[in-house]
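So, here's a batch of structures to check.
In the two complexes below, subunit A is the common chain; its partner is subunit B in one and subunit C in the other.
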Partner chain A sequence: MADKRRKKDLTFLERIYIPEIIKGLLLTLKNMLKPKFTMQYPEEKFIPGGSYRGRPVLVQEENGEERCVACGLCSRVCPALAIEVQAAETQREKERYPEKFEINMIRCIFCGFCEEVCPEEAIVMSKDYELAFTSREDAIYGKDKLLVPVHQLKDRIEFLRSYK
Partner chain B sequence: MSIWETIIFSLIKILIIVHVMLITVSYLVYFERKISAWAQNRLGPNRVGWKGLLQPFADVLKLLLKEDIVPNQANKPIHTLAPLLALFVAFTTYAVIPFGPDLKIFGYTIPLVVADINVGILYVLALTSLGVYAITFAGWSSGSKYSLLGGIRSSAQMISYEISMGFSIGGVLLLSQSLRPEAIVASQSGWMWNAILQPIGFITFLVSAFAETNRLPFDLPEAEPELVGGFHTEYSSMKFAGFFLAEYANMIIASALIVTLYLGGWQFPYLETFGLPYGWYVAISVLTFLFKEALLLFFFIWVRWSLPRFRYDQLMNLGWKVMFPLSLLNIVWVAGLIMIFKI
Partner chain C sequence: MPKLVVDGKEIEFKQGQTIIEAAKEAGNTIPHFCWHPSLSVSGNCRVCLVEVEKMPKLVIACSTLAAEGMIVHTASEKALAARNAVMEFLLINHPLDCPICDEAGECKLQDYAYAHGVGESRFVEEKTHKDKRVPLGPNIMFDGDRCISCSRCIRFCDEIAGAPELTFVKRGDRVTIVTYPGRQLENPYAMNVVDICPVGALTNRDFRFKARVWDMSANKTICQGCSRGCNIELWVRNNEILRITPRQNDEVNSYWMCDHGRLNTFKFVNADDRVDGPYLRREGSLAKVGWDEAFAAAASELKQFNKNEIAFIGSAFASCEDNYMLREFALNVIGSRHIDFMRHSDSNFGDEILRKNDITPNTMGAELVGVTPAAGGLNFDGIINSINEGKIKALYLIEDDILSANPELENTLAKLNLFIVHSSNFNKTTTLADIVFPAAAYAEKNGTMVNFQGRIQRLMPAVATLEQDRSLDGMAMSRLDKFGTRFDRWAKGNKRDVRPTWKIILSLSAAAGYKLIRQAQANMAEDIFEIMSKKIDAFKGLDYDKIGEKGIMLKIDVAEKA
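Showing the complex of A and B:
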């Protein structure tokens, strides 16, 4: 036990420091010359892939109507209680629609449960990650901000269809 | 030259040197940040001005606008004196460092050194030791335990490393047989650089210079993770900037000293044999000095971003059990060289 060489015992070459210091210096020098991957954010923006969970949005069909049937499952499943839905009826083939659909973005935790539970593929997570607001009122997103045309959400919908 | 001409020339030289030093210091801070960024695969400051080149001025402006806080427990006169002392030491040391051969202009011969005194090296050693007081005062007068610990560490460190520093200079003095910086430079003509003749002394001096300037791996007086900034914990605004300035000015002094003592000063090896006109000779010599200095400053920053900090007991071990005997060995080595080769 006592005569065993411990792992932290250094050899003579390591104990005179200088070769080790030179090794360390060369390592940092090598890193100095490597290309950098920093993104210059406001000018150059990160475009995430389909699996990215940004702000949840409502899908708007080509004819301008929302897909949502106001079943309220999303609001029911939301762990942060961020979604509020009020249903209303019309005379059209698709009778129900949300009269009021609000997501409180201060509460939203981007878990994606709403999208997972939605039977109509009507609420999906978008790629939008720039969510700054200056007041609490601004943070409550109504239908005007939530509706996004379906062609802008193709990536996410395709991702959901192949992996969900 | 009459006394008035000497005074005027000295004033001009002082003005030039002080301004060059201040600008170099501000850009050293910029390069410190840039090089640290490069070493960590980042870009570094690049927003203020072209490539971030106006960053130092923005930093200084910010510091000027900050509130100057003096803690209640502080000893106020000494608390104010400390950064001034640090700055004073940092700037006055430069007076004896020669940065070029004699300049011949308008019939005058101007030596490119502010004060060509024959005890130059002694003067430098005396002033750098005075620098300990600035840090110890700062630590003691702040009335804070972290500052006090930083100050104590600093004085212990400086005393231990000043010894090996002094003894490694001993080797240089044996060879040059003079304390005049000019004579030391002249003794290293061609490739007879002290760094080549006495590598052990060069290494001990280099390490001691790192310890004297409180740079990593020997920045125990500051030691951010342990001492919350050490001796300058309780400083803010321009007083803090004073310490900051002094630290970088000390770096410049240390590298200037290393260049003068070990790397042949302003001499470009065998430049005088090329047969250039005298003006060119002077210009190339000054540029050589600046180039060597810049390389050393880069080295200082490079080391900072590569090596971890020493523990306090390791620092003392290294100082007393390794550096001190090595610097003594160096003196023996140089004495042997002189005896055998009669240089």
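Showing the complex of A and C:
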């Protein structure tokens, strides 16, 4: 019969179990008394910091205009082909603007490449992580859902400026 | 042949060639902005500076004649340093607005800046500001800031278009381009300056901001504007043609095409009035039906008439394959001898450069494949007269809006008992038709056309249809085409239910109980051409591969045909 031995045989104290059980229960007791991290979502909301990559949004200036000039670089760099941009002409100083800007949130993988490549700091990752839709059509976010006033995005823009 | 050495490689050149020409022929393209192979040498951009041994200073490759035994270095330390310096100099006043510039992606300055630029600017002063968004003419927008003053556009207007409309004004860093007082940039070839502009200073107003060049696919085909048949590329995104650019073919159109061809020969393909399935006239109006129903109806209707009561009209807008099948159908299935096509000519259209008075792309082809009256048959005017006299009661017309071309035909066509039309779009002629088959437009099919020189050239598809897939049928694919799924809006471009005319005629003859060609032998336009190459002397020994992308001259006496 083969000699079946453990790598380390239990000592006598370990073999009687009682002290080990007490040790385990002490650990549980210690953690019970520590402060809690669990959040009662959705009653209680998690507010991430500036480094968080939530859904990408378009920056809207205080005067209501988008920063985006529809250069199409985000669309080109997007590894998941989530972004569709259609440019058009405007009379503003920057003569080009997005007539249509759509992000397919089913395709989006939150990589942040669009934000990194944007020459105008016009598309940034927001803190919004609550994304739910019930059909493919609802998952396509147009300009109405994408435009977010610049003051709501201060955290992220500051983060980008300090680390980009 | 004399020889010179470029970058350690000995190359042959012809006497009189410049260094840049000799090097280009040997496959070594020296960077250049102002030099263009078919324009005069101006030598003002300085980016083609190269080092030639035993010459005290660097020389510009575009205006230095190649000489026997010359040793040229295009990438030596000295040459590269000079090129980098020139690039830095050009970039001093060039705005950093690639994101809003239409040229981005096909911009020489962008490419060379990527290859030679230092990556950042040492220039801290204010850049010069010139006029932006200046409409130089009805189709061209000028941005003074972006201009690098290469003078290509000025030389094009002077030398190729023969219409001196542009000039430099002011000097130094204030130099800019204007039209002469009271003039506009509106010669018939004006938009070629958009193609030759190495930067985004001149943009196409028709295409401005419509799409990024990297989102489109470029598909080679030929222009339908006149019988020149300029070689072109169709730029397609989401199955929609967005612009046309010329493609170099020294035998036909050099590097150029006219504005009419560029602006007016693709919009009908995208139009909303496309015929999107077969239509039958029921209770006075056209109603959409299935293909089989339409074939059965056309076949049984045609049987109502004596063979001499049916006439056929081919088209100089349709390919050789289409016209050939129509002829076979007329002669062998119906047995009618009345077949001809309508000539379209505009004496105001032609010029000495590219445009021809014959405004159809395939007159010569239609004649060569025999869309002309058979022995004892009536020609076009004869057919019209016979319809008026009531001798011809049925007319089969392909791909030609004869009523718009000649409004006087309205009463004649109204007299027909049966009028079958193949058409890509609903037009005046289809309003009188009893049966309308949806014909694939030139951008949706393979085929061949013969231009006025007697040169046979290929049509190649750029737009997918219900039965012609972009990837399976070998069309150019953009990244969006490759990776789009049916759930993506940007890949859902309209695919129309159209078929090429030759295919419609084959199915119709099958429905009439006659096998024109065994179906197994005719799946593609190429198969029809193979049959034609055996039966028509002018096409002997040719196939699609031999014709290639740039066409081939037929061995025919052009003067006799024209």
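Definition applied: the second predicted complex is superposed on the first by the 157 of 164 C-alpha atoms of A that agree within 3 Å, B and C clash if a C-alpha of one lies under 4 Å from a C-alpha of the other, contacts with A are read in each partner's own complex, and residues count from 1 in each chain.
Everything below uses one rule, namely that a residue touches a chain if its C-beta (ideal position, glycine included) is under 8 Å from a C-beta of that chain, and two chains touch if they have at least 3 such contacts.
The structure presented is a predicted model; accordingly, all values stated were derived computationally and were not measured.
Applying the stated clash criterion after superposition on subunit A shows that subunit B and subunit C can sit side by side. Looking at the shared chain after the overlay, A:I21 reaches subunit B, while subunit C stays out of its contact range.
By the document's definition of touching, neither partner reaches A:P42: not subunit B, not subunit C. Contact comparison for subunit A: of subunit B and subunit C, C touches the greater number of residues.
Once chain A of one complex is fitted onto chain A of the other, the partner contacts of A:N31 are limited to subunit B, with no touch recorded for subunit C. Once the two complexes are laid over each other on the shared chain, residue contacts for A:L73 go to subunit C alone; subunit B is not touched. Look at A:E102: by the touch rule set out above, it reaches subunit C but stays clear of subunit B. By the touch criterion stated above, A:G64 is placed in contact with neither subunit B nor subunit C. Superposed on chain A, the gap between subunit B and subunit C at their nearest CA atoms measures out to 38 angstrom in whole units.
Shared interface residues of subunit A, touching subunit B in one complex and subunit C in the other, do not exist.
Of all residues in subunit C, those touching subunit A in their complex are 98-100, 104, 132-133, 208-212, 214-215, 479-480, 483-484, 487-490. Residue ranges of subunit A in contact with subunit C, taken from their complex: 69-73, 75-76, 81, 84, 87-89, 94-96, 102, 104, 119-120, 136, 140. Interface residues of subunit A, counted against subunit B in their complex, comprise 18, 21, 24-25, 27-29, 31-32, 34, 36-38, 40.
Touching subunit A in their complex are the following residues of subunit B: 35, 38-43, 203, 302-303, 305-307.
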